[in-house]
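Just below sit the structures, each encoded as structure tokens.
Each of the two complexes below includes chain A, the first together with chain B, the second together with chain C.
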Partner chain A sequence: MDQILGNIGLLFEFPVVNLKIILDGIMVGALFALAAYGLALVWGVMNVKNLAQGDFVIAGGYVSWWLVQNGFPALLGVPVAFVVMWGIGWVVYKLVISRVIERDLFTSLLATFGLAIMMAQILNLLFGSDTQSVDLDYDVLYFFDGFIDVPIAKLIGVLMASALAAGVIIFMKSSRMGQAIRATAQDARAARVMGIDTEKVYAFTFSLNSAICGAAGAIIVMVWVIQPFYGISYSIRAFVIVTAAGLGNLPGVIAAGLGIGALEQYGAHIFGIGYQQAIAVLLLLLVLLVRLIQQRRNRQVLK
Partner chain B sequence: MNMARNKTILYALILAFTFISPFAFPDFGTQLATLWLMIIVALTWDMTGGQMGYNSLGNIFFYGTGMYVAALISIGMVYDVGDYTNAAGGGIYKFTDLQYFGGLALGVLGAGLFCSITAVVIGYLTFGLRGPYFAIGTLGVAIAAGELVSNWDWVGGGQGIALPVYPGDLDTGKIFFYFLFAAVGVGTFLFAKWLYGTRFGAAINAIRDDEEKADAMGIHTLRYKLYTWAMAAFFVGMAGGISAFQLIHFEPLESAYQTINLGIFMVVCVLLGGKGTLWGPVIGAILFHLFKEVTWNYLLGWQWVALGALIVVTVVYFQDGVMGWLVHKRPEWFGIKVEKKVAEQAK
Partner chain C sequence: MKKLSLLSILMASVSLLFSQASLAAGHCGEIHLGSAISLTGKYATNGIHAKNGYEYAIQKIKDAGGVMVDGKCYNFKVTYYDDESKGDRGATLAERLISQDKVQYMLGPYSSGLTKAIAPVTEKYKIPMVEAEGASRSLFNKGYKYLFAVLSTSEQYLASAVTLAAEMAEKQGKKPSSVKVAIAVENDPFSLDIRAGVSEDAAKYDMKVVIDEKLPRDLSDMSAILTKVKLLKPDLLIVSGHSKGAATAVRQIDEQNIKVPMIALTHCEAADVTGKFGDAANDILCSTQWAETLSYKDPIFGTAAEYEQGFKKAFPEYKDKSVPYQTAQATAAVYVFKDAFERAGSLDKEKVRDAIAATDLMTFYGGIKFSDAGNNIAKPMVLRQIQDGKYNVVAPSAFASHKLNWPRK
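Up next is the complex of A and B:
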């Protein structure tokens, strides 16, 4: 308890610590937001809740890590992970997801949960259970007499994440396929009537989601560490963000992603790093509860 | 009448097998006990998941909580818990036979009761969630509980708790725990069988079929949901309490709040056997346990991949389970009369 109070006191004593935490949070949050955006896309378009989201992220990370182990430059990992995960996403869609779209929601949840277990274990068998990361030889920038350290690698990661997000947004807004995806999300039947091949749209959407996750993972492996079983925590964060922001609300997803990144860093600072996972999950419960209370206002009975 | 006699014979055979099996297959004592554990958790998962339509992914929370409550009660009656769990303390703690069995009995019962109460509290907060949100919310509760407990030093933190060993020789201990699990399992089955025949069973089925209409028909849905979950939690909590003593040592993330192990196994058992049926969870648990033991023995390393594949295949291709398949193929076994015309058309 004393330690918690002390940690809170530290925040007021040295306001610059707040800045560091928020900066860290934004960097983490940008990557959460990417995974969450993919989830929102799949959720909105084909009504599938993908619990294997985090494992796609980790798989992308391993693609990049494997490339670096074999002597390729680290920055190449991001586009390669994008492409490889696109292919894996397509295979997964054809084998599993295409068969659960029309089914009830719990089916897709459980099927992707099974998928998550499989993927985590395959990664574990292929690459071992050690934590891995790719070391970029960049400098660290210091501000405020060394209170704040910003590794350039992290900056590059955030920039790449932003570029990827911007690319996806432009794609969804202006390309023909993006239009078809949005039309299918609004009303799949109507889209079919208008001549859109929804099956193709679904396959494309899921592959795109998987590719976004893969690229996010390739960035994560450069700035933090990955491990085969870390997937579930990214899935949970993606769910927190999407539940908080709602579907089809991209600015909301980004804001929620950054916010959750910052909140988690605050929580880890105040309660200790051991609670980080618990804080992510508790945030999910909190968001669900708040949503529930909001909805309750609409539920009325005649007296 | 023939049907009724067949049923009696079937039940008698199963009961006889229950009694004989630990002596007939002494090498498999622990596996058989685990099979009963699977049957218990599958049956209780089906109470909310199959019969009431609320698919919880967090029932493992009650298993883990049951473990901890049972352990804390039995330790707390004799020693100071903080001293006991302090690994650096180096104290030696002995339990007499009376203390061991008394602690076990009270601990297991207390675990069941405590889990029931927690189910009501958590259910009050989460039962407003529907469908997948409920599943994710309950999964969140289980994961959060595991993480919080592993940071709580008073109950041993991440290292968990080591309980006293069964006083007596090892083989007797195995049989003792087998029969404890079997007793709770048979109790759970009989309770479920009775429950589904009552008005209460009809009410929770109504909630599954259409909650709004059930509400409109005057069923106090929240109350029914809470009671059902509390009943399920009672049995899972007791099973958890027994597990704690059987395993002797347990820790929070891998054995108590094992979200992706037992927590998901119970759902797969039910889906494999057939959701919303009395026998489905039992059959599913037996099939799943066999599959698991075989893959764990012969596919070492790949067992989890096989397991994930089983989940995906079951969910995607075989969701009605064995019972659903049987109802479809042999409706007359279930007293369903199919008119000839329909039957011929089906052919």
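Up next is the complex of A and C:
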């Protein structure tokens, strides 16, 4: 308790800490938002809740790490991970997802849960269980007497994440395929009637999700560390964010991603870093409660 | 029909060949050991280090003429099962080794958690287990009679860093009680012991613990703690969270430009912090059970340095890194078995158990002598400092080959 009070005291004693926490939170939140956006896409379009989301992120990280081990520049990892994970996503869709897409909720949950375990173990067998990271030889920018540190690598990562998000938004708004995806999400049967090949749309959506995750992972490996079994922590955050923001609400997903990133950092500062993930889960609980209350109110209106 | 008979003749001749081969090499009998060890899952890296250590020991003992029990020669053979780094799986596999494979002697798994899961099983069946990778002190207050550990218990891992910090404070003309300590350890049995050892020793010197936090299991970002370190300016920072803790700490300490006079970690070698982060790892203290520069020696493995060379030759994948202590202590565990079998002069597991309990052995890994609780009391922990990318022993001063760089730049 004393420690918690002390930690809160620090926030007031050194106001600049708040800026640092928020900055750190936004940087990590940007990547959560990416993974969450992919999840929202798959969830909204195909009604598949992909529990292997985080494992796609980690797999993308390993693609980039492997490239660097073989002498390629680190920044190349992001586009390459995007392409490679696109391919893997397509294969996974054809092998697994396409078979469970018409089934009920539990079948797809079980299938993607199994997929998550498989992917983690395959990564473990391929790359070993050591934590890995890619060290970019960029400088770190310091502000406020060196108190705030912004590694240029992190900055590049966030910029790449925003560029990717912007690209996806433009694609969804203006391209033919983007329109087809949105139409399928609204009503798959109507979309079929209108001549949209929904099977193709599903395959495309899942591959796109996998590719977005892969790119996020390639950024993560430059900034933090990855390990074959870290997928779950990204899956959890993606679920929290999508649940909070709702499906098909892209600005909401980004805002929720950044918000959760910052709140987690505050939680880690005040309660200790051991509770960082607990904060995310607690937020999920709160969001669900609020949603439930909102729905109850709606029902009363309907009566 | 004809084809079939031809096939059976072929098979018979093959099996004959095999039995002859085993006869030819078989003037030595086999002592069957069992081990459930992490070959997949989060402990796989260190589990494989340990397994390689076992295998190297078995080969070296074989080359040196095997285990002589009552005038007959034997070689060790180990049945391994993969416990997937999960405690319940480890316990099930231990049951299977003992009741189905009829294993009479066990080598330990990797990590304190797994050892904790398996020890009740070996105890139940009265199977002697010599383990090399479970250092939690909670293993040695349960009154186990068949559990023996060759390594130092974990509360000793970083406690010497506290002593070292006190020494440095005195040299500066300050009181040891002026030293401020920051502790960040993972929330698992091993790391919590380290925390207990450090806070006990800090309390002895009346030092103030300014940060005391638990790291999550899937740690990839500890900037929240390091921000506090920047504000509270401790004189000693202790981090323990297996390889991921070491990797994350070294990376972010450099990134956030953290200036603490003394930083002590565990698992530096396993995380390969020098290889991955280069100069960022300089002047960090790393605890180790064993170092190849120590002057211990024995007749089978030679000196610590000779052990390292021999091991690298046998396992070329370790060529470019230093051999982890997890491997050395696994080898030492097999050596304890050899020594105990020879002194017991029998394959009876009770006699072997008593012989293990009476072990007083000098090895390349250090002295081995078990307390009544089963932990090794003959070997101290070692602190090494990373100096220009090399691990140099700086504490305890009796073994130190190099001087401590203090304060850390």
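Everything that follows uses one rule, which is that the second predicted complex is superposed on the first by the 298 of 303 C-alpha atoms of A that agree within 3 Å, B and C clash if a C-alpha of one lies under 4 Å from a C-alpha of the other, contacts with A are read in each partner's own complex, and residues count from 1 in each chain.
One rule holds in what follows: contacts are C-beta pairs under 8 Å (C-beta built on N, C-alpha and C of every residue); 3 or more make two chains touch, one makes a residue touch a chain.
Not measured: the values here are computed from a predicted model.
Asker: For A:21, decide between first (touching chain B), second (touching chain C), both and neither.
Answerer: second
Asker: Identify the partner contact of A:106: answer first if only chain B is touched, second if only chain C is, both if each is, neither if none is.
Answerer: After superposition on chain A, A:106 lies in contact with chain B alone.
Asker: Once the shared chain is lined up, is A:166 touching chain B (first), chain C (second), both, or neither of them?
Answerer: After superposition on chain A, A:166 lies in contact with neither partner.
Asker: If you stack the two complexes on chain A, which partner ends up touching A:117: first (chain B), second (chain C), both, or neither?
Answerer: first
Asker: Which holds for A:140: it touches chain B only (first), chain C only (second), both, or neither?
Answerer: The answer is second: A:140 touches chain C but not chain B.
Asker: Is A:76 in contact with chain B, with chain C, with both, or with neither (first, second, both, neither)?
Answerer: Touch partners of A:76: none, neither chain B nor chain C.
Asker: With the two structures laid over each other on chain A, which partner does A:281 touch: chain B (first), chain C (second), both, or neither?
Answerer: first
Asker: With the two complexes superposed on chain A, say which partner A:232 touches: chain B (first), chain C (second), both, or neither.
Answerer: Both: A:232 reaches chain B and chain C.
Asker: Considering only the touch criterion stated at the top, classify A:130 as touching first (chain B), second (chain C), both, or neither.
Answerer: second
Asker: Does any part of chain A touch chain B in one structure and chain C in the other, and if so which residues?
Answerer: Dual-contact residues (chain A): 121, 124-125, 232, 272, 274, 277.
Asker: Hey, which residues of chain A end up touching chain C in the complex?
Answerer: Result: residues 3, 7, 10, 13-14, 17, 20-21, 24, 28, 121, 124-125, 128-131, 133, 135, 140, 142, 146-147, 149, 151, 220, 224-227, 229-230, 232-233, 265, 268-269, 272-274, 276-277 of chain A touch chain C.
Asker: In their shared complex, at which residues does chain C touch chain A?
Answerer: 40-45, 184, 187, 212-216, 218-225, 227-228, 230-231, 243-244, 247-248, 251, 255-257, 270-272, 276-277
Asker: Residue numbers of chain A touching chain B in their complex, please.
Answerer: Chain A reaches chain B through residues 49, 96, 99-100, 103-107, 109-111, 113-122, 124-125, 232, 236, 239, 243, 272, 274-275, 277-278, 281-282, 284-285, 288-289, 292, 295-296.
Asker: Quick check: in the complex, which residue numbers of chain B touch chain A?
Answerer: Touch list, chain B to chain A: 55, 57, 125-126, 128-129, 131-133, 135-137, 140-141, 143-144, 147-148, 150-151, 260, 264, 267, 271, 301-302, 304-305, 307-312, 315-317, 319.
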